[in-house]
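Down below are the structures I want you to see.
Across the two complexes that follow, chain A remains constant while its partner is chain B and subsequently chain C.
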Partner chain A sequence: MVHFPMAGLVVFPLLGALVSLALSQRWRTLMSFALILALLLNNALLLLQFYSQGMFNEAMGNWPAPLGIELRIDGLALIFSLMSAIVASICALYAYVYLRPAQLKLFWPFFWFLWVALNSIWLSSDLFNLYVGLELLSLAAVGLVALSRDALSLAAALRYLFAALLGSIGYLLGVALLYATYGTLSLVELSQHFSLTLSSSVALGFMFIGLLMKTAVFPMHSWLPPAHGGALTPVSALLSALVIKASFYIVLRLWTELSLDSAPTSAGLLMGILGSAAILWGGWMALHQTHLKLVVAYSTLAQIGYFMLIFPLLSDTNPHASHLAFQGGILMLLAHALAKAGMFLAAGNLLFCTGQKDLHSLAGLSRYRPLNIFAFGLAGVSIMGLPPSGGFNGKWLIIQSAMLQSQWQWVLVILLGSLLSAAYIFRVFSYTYQEVEGGDRFKQPSPLLEWSALSLSVLSILLGFASMLVLDLLPSHSVVTQ
Partner chain B sequence: MNIMSLLPLWVLMTSFLAAIVIFLLPEERHRLRSTINIGAAIIKIGLIILLIRLVAQQETPEVSLEVLPGLSLVLRADALAMLFAGLSSILWLCTTLYAIGYLENAPNRSRFFGYFSLCVASTMGISLAGNLFTFLIFYELLTLSTYPLVVHRGTPQSLKAGRTYLAYTLSGGVVLLVGVALFYAFAGDLAFGQTAQMAEFTHTSPIASAIIFLLLIGGMAVKAALFPFHGWLPTAMVAPAPVSALLHAVAVVKAGAFGIIRVVYDVFGIELAWQQGYLLPLSLIASFTILYGSWRALQQTDIKKRLAFSTVSQVSYIILGVTLIGPLGTIGGLVHLLHQGLMKVTLFFCAGNYAETLGIHKIHELNGTGKRMPMTSAAFTLGALGMIGIPPVAGFISKWYLGTGALAAGMDWVIWVLIGSSLLNAAYFLPVLYRIWFLPQQGQWPHESFTQWRDTIPLLLIPALITAALSVAAGLFAGSDLSPLSWARLIVIREYQP
Partner chain C sequence: MNELIDLTLVCILLGLASLSLFTQSLFRAVMFFILLGLILALVWIRLDAPDIALAEAAIGAGITGILLLDALAHLRATSNTPPQLRQLKQPRFWLALISGAGVILLLALAISEPLAPAVALDLQVSENLTNSGVTHPITAILLNFRSYDTLLEVAVLVLAALVAVTLRQSDEHPVVNEYLPNPLLHACLKLFFPMIFLVSMYLLWAGAAQPGGAFQAGAVLAAAFVLFYLVGLKTQLAQNDIYLKGGWIFGLALFVLVGSMPLLYGQPFLTYPDSQAGIFILLIELGLTLSIGWILFSMFLLSQSSPLQKKDSP
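What follows is the complex of A and B.
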């Protein structure tokens, strides 16, 4: 089977990390963008290949699976890899314009390590490789948060670090227990022998607690708002759009590959309850923030809640409905990545104009920066789950799945959550429509900054029309009955 | 033929592309923006005429795109779609002209006209939607694109109105979403017009069917301003006059009314809805809204508020017509969709003219305006007479068909509703006309501008005159093949003779 090497997805960003540490400032930026192009191309080629060929594996350095590092690409991995490529390249472009040279110097290596970590998580099918990816990801993310160098974000970064380390310990403990029981770390082998005994339940419990902590699922979320809200704008976008998805992705992988849908329903129910609490609490808190970026950060908390609602809806009794929930969840994850990155970038531009963080300072901006407000609004449409948008399509599928399985409580939560998100997004909107005395004293952001925000937001809307392109990548039958 | 089947898409695209271009234009390119606006509106009317001719020849051009597994966006031009699309396209042109005049020298025109075009694009989407899913998408898009227009002035008052507007419409949207989702989950993916399958579903699970009907109608009722969901409409009156005209005559309330028409005729089918007893409660609520709206209108002292409550009442005529089984009632409801649009847009244009030219907002300030602004006042008078139902203005035709339709459906009590409401209409419009024409001017006008013009500037006056003329023509030439009445008949013939 001939195929384009997917190793590029890991090798290129690694190369980027080396280059950005070694080269001079000018070359660092130049090479970084060259490598970004290479990565985009690599993703596009893999996509074409995937449409014609389907899933494939690759053993790095030709060492077979139990010994070597095996990379596996299936539809889900490809979707996440594409998602990170799109969001990361636009954020990099934004960062290049937005950051001061001193900040940019530190930004590149962290950025590249972040990307290595993300791609290795999407492609690994081995519990220990996943752990390595997670650790690298956390360290790079903490480094990025600390870039802004004010006391508040340093405190936030430290808090983030502790939470992430705690999460890693939980995960590692679980992995060790599983290894002790089954003697393998490969997900594929594990799924063949896995049975839900007491010890493996405990192991999974540890792993899930760790992973959910890194994802900032309610009630383990309190580290997220200061970290995401306080970081530099392109960093906030990367963190909210991509980083939290990585640990969630592992949860999803474990759940589907170990067939946890046939586990007692109480596990799924618990996930659903946590998700519901996150939706309502995150939305409520977002509604009561006075700082723009904190509104957006709390909105991420609420959105994570929606992803959690996949789990109670994955069941082996109704494969069709279960598959709908899975598809809807993936669409939501993707739409959130695009929309939230777009929203953070747009919010960052607004704060750049006013030079303040407060919502009240936004008065008059809808007149001064209509395009940027439009970018914020479009991203908001997807976050609120209003049509036409990727967010709406995801929500629709999840609602359909819940209705078909008569799990009405989730429908109710989703609808309440939508109303809450509409409330906090239009609240921001209405501040920008206010008019105050004293005229406009705004700085003008570079057009490139506004267009990068807009392009991400527009993509989240276009996803509403092109959802089939994404869903076609997923297995057409239920993942559950594989 | 391929190009022809893409026509529905192009009808939508003309205003959508116009919106995008306008958003990208710098604020100070006023002339270019106006040209694009008017050009797009005229092209759209041309496309709609082409479509109407196709539809009259029993064709239904259709475009569809699969957006989710087994779920498609469908734009389809059937006879009913063309009724609403035709109305919207004509009124869009008039309102655009009016808005260009109204907002001359105002700030933020780029933003205003951008969302304005987006709003029309959503209205076109609503009229051309070929299934409930598509309808839902454009219905929500309409909410989103009208919000910036309601809060356009940025005053605390308009921001508050915007909040009220959103609270009502988004909650309505959620109810509709549940209804549509239930429909797809249980009744299946049915396009408009597949009423036979719906009948089958209703017979196997009558309760689910009733719940779906309730949710769909409940969701639409918010925009149609059916009692008790009418509260947003008078509040939204703080918006600029062209927005009120657009919201009240064309886009928002009509989207709700049109949705109810679709649900009754093309989702459930009127026979089924009648047999299941869904229609009687709806006609009772509509009747109550008709009387209640008129009663509240009588108490208002603000011109735009009185018109707003009048809209609450008038839109329910459409819904009342829908609930009367039999061709005559249906004709009455459908034709009133157009007639009310024409007459109410005239009235709002005139109210805007009084406010812009003389600074008049209250009814008691209108004394003697007939001498200062004879043309505007004449247009206002025609609109008001039409609302009361005096021939030959179009409103008479609607009421005639509603009345005979009610008798044919065996619901004689509706006649009393019509009579009562007409009396109330007369009670709140005739004193206004009396002030305009027969009472002398009292002191200075509150805030006079455009003194060099005998009436008001042409861009404000001409659209009002056009729509006034159209509402008279729709009544006078109701027998002609081109009238709204004939088109409503065509729809009804196709509905009752499958």
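What follows is the complex of A and C.
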């Protein structure tokens, strides 16, 4: 059974997809939650296995790479797998209460395929396999966006589909070029032979453009706000917290494994500039939205910008500072996953209370629905990067790294971005504190909805205290920048 | 001589592609696109890739063509006006043109370097072919060496069908079917269906030793289903939600089941038992053929008004 925990990450969600398509309503729900429990347990087992034997590979079908496909569990993969397990389980619970039966019927298979795709991407160390994972992920995400079935979100879903397909083509083109040049698809083998020639740079350029488009990095972001803002609430949470992380994860993997930190600094600089633009533009747009969910969606755009700041800070000349930036980036990614999922769920609850999308309609909610405002606020603390929260620790590590390397421009951008995020979050608060006449005329969401939003927000704060526990899973810096 | 053939093919390909893009009538654009698929299949043959040629002809030209024509009928029924060629005035047209030219230039630069792959994967494939259970290298790669990719690809297909259902259910203007109650067509189909079925099964069986396999066989099967449907012989199976979805997931379920069994015996995921790999591959491929045929057919079916839509519409 030694092979089980790793294969389980793919087999369990696949089973989930199958049963949710084949079974009747009651069994579908029952089996889905049983399989969610199984997956959580599976992740815990995998963590134990990782603690006892460290990083390990497994060849699918017993064919070692490069002939076959090898999956790999290392600290990074494990962190992302745990992250998706936690966020997805809570979102599933929320969705079960929140969605109508007809929507739920389609939600479950999409949800499970999404989880298959995420896990296959976290585990994969094969370029083409990553492409298949991306395809599965994009289709599942598009299906989820289209669940709400109003004209606007259908248009958003189609736009998302086109952007995702374009991104896939870019990535696939690059993979084909790399395969023609090196004759292998295995990331491990590729990293042994890789050198930054002209054709490799072109290939990586195509791949990165495709992946960044799927991540919605400025200026390729315009598909994200309507898709994330218009989707059903649990779907928005899944998309913002997990889906955009997958394509970013591949960029990060490629960058570290192919040792692009020793590449000319202009590439890193370009990534940093895109990130900075995303931080400022996303923050500015979030400040000017009139719909609550669009504020949260634009906030995701800005947060993606912070992740991009890792790249200019990864350098082989200063391993210590480089490692700090890497750790900081991972913490930011994690904190954002938890906080943004919490924030979207809380926003969904607030919208449920008022029944309207407009920010003005939030007036009075602080008095009558304090628990939801509290959940929104806790998530906001992590998004703004106030201590003590995962978001704060991540930002702090990145700033430290930037100061060590005297790259002050990023420090300035991070500070400006934090001010902007504080502004757009407090702007939402200011609406909720307005007093209204006529007493409590709001609907009451079910406690399960309130507590699932709150639990994610609390987790994003707790991450601030447990940061070292997470970062210990990552390899020490000598390995990262080998 | 061969260069002449290649040059002609390339010219035709480029010509058909631009005709398909720039022609005013959408119907003509679809026709050119189908032709493009057929010529592309010839190109694949010239490139010594008969497997891809088969798939291109069956899926690229066949099923995609049917779907596009169907979408066209839909556009007409909803009286959506087809887009006109006014793009020349829009800046986005020029943006697309410039980025397209940039991509071509970069690709040309990239492949101008001499290619000297560091890893000779084809040698490894032929060395391990004897242990793979089949003798055709493409099938060995798809269903044994890299079967994990294929498993996920099949999941993508099921998912695509599901997305089609989701989009379908939000359509407010379902197209009413127009059958072709033509007795000649009926008779022809009676004659042809067994043969089409036989071709499909032959493609599947031949895949072990020569070009062919589940995807190609599935596409041919789907074409048979579509013909059936067009002459008005409604398959009762497709009207039932359980059969519809059961058909989709049959292949995937079989694949997952066979793939997970070795886990119980302490072997990695998707390992076939020694010396029986051939049988297991054939079993999985049979399941996949049926499901792929069914999925491709139901994509077509879903663009007609379907029972699912009536059941769930608010």
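Basically, the second predicted complex is superposed on the first by the 472 of 482 C-alpha atoms of A that agree within 3 Å, B and C clash if a C-alpha of one lies under 4 Å from a C-alpha of the other, contacts with A are read in each partner's own complex, and residues count from 1 in each chain.
Everything that follows uses one rule, which is that contacts are C-beta pairs under 8 Å (C-beta built on N, C-alpha and C of every residue); 3 or more make two chains touch, one makes a residue touch a chain.
All of these numbers come straight from a predicted model, not from anything done at the bench.
> So in the superposed three-chain picture, is A:51 touching just chain B, just chain C, both, or none of them (first/second/both/neither)?
Neither chain B nor chain C is touched by A:51.
> Using the superposition on chain A described above, determine whether A:202 touches chain B (first), chain C (second), both, or neither.
Touch partner of A:202: chain C, not chain B.
> Just checking: does A:415 make contact with chain B only, chain C only, both, or neither of them? Give me first, second, both or neither.
After superposing on A, A:415 lies in contact with chain B but is clear of chain C.
> Which holds for A:27: it touches chain B only (first), chain C only (second), both, or neither?
So A:27 meets neither chain B nor chain C here.
> Of chain B and chain C, which one touches more residues of chain A?
With both complexes superposed on chain A, more residues of chain A are touched by C.
> Using the touch definition from the top, say if A:162 reaches chain B (first), chain C (second), both or neither.
Neither: A:162 stays clear of chain B and chain C.
> Examine A:430 and indicate which partner it touches, taking first as chain B and second as chain C; both and neither are also allowed.
The answer is first: A:430 touches chain B but not chain C.
> Classify the contacts of A:184 with the two partner chains as first (chain B alone), second (chain C alone), both, or neither.
In the superposition, A:184 contacts chain C only.
> Taking the complex as given, what residues does chain B use to touch chain A?
For chain B paired with chain A, touching residues are 23-24, 65-69, 71, 73, 107-108, 110-111, 114, 136-137, 140-141, 143-144, 147-148, 151-152, 154-156, 159, 162-163, 166, 170-171, 173-174, 177-178, 181-182, 184-186.
> Which of the residues in chain C end up touching chain A in this complex?
For chain C paired with chain A, touching residues are 103, 106-107, 109-111, 113, 115, 117-121, 124-125, 128, 144-149, 151-153, 155-156, 158-160, 162-163, 165-167, 169-170, 242, 245-246, 248-249, 252-253, 256, 259-260, 263-264, 266-272, 312, 314.
> Going by the contact rule at the top, pick out the chain A residues touching chain B in the complex.
Those in contact with chain B are residues 324, 327, 366-367, 370-371, 374, 377, 381, 386-388, 392-393, 396-397, 399-400, 403-404, 411, 415, 418-419, 422, 426, 429-430, 433-435, 464-468, 471.
> Which residues, counting only chain A, touch chain C once they are in their complex?
Residue positions touching the partner: 1-4, 7, 10-11, 14-15, 17-18, 21-22, 58-63, 66-69, 102, 106, 109-110, 113, 116, 120, 128-129, 132-133, 135-136, 139-140, 142-143, 146-147, 149, 154, 157, 173, 177, 180-184, 189, 193, 197-199, 202-203, 205-206.
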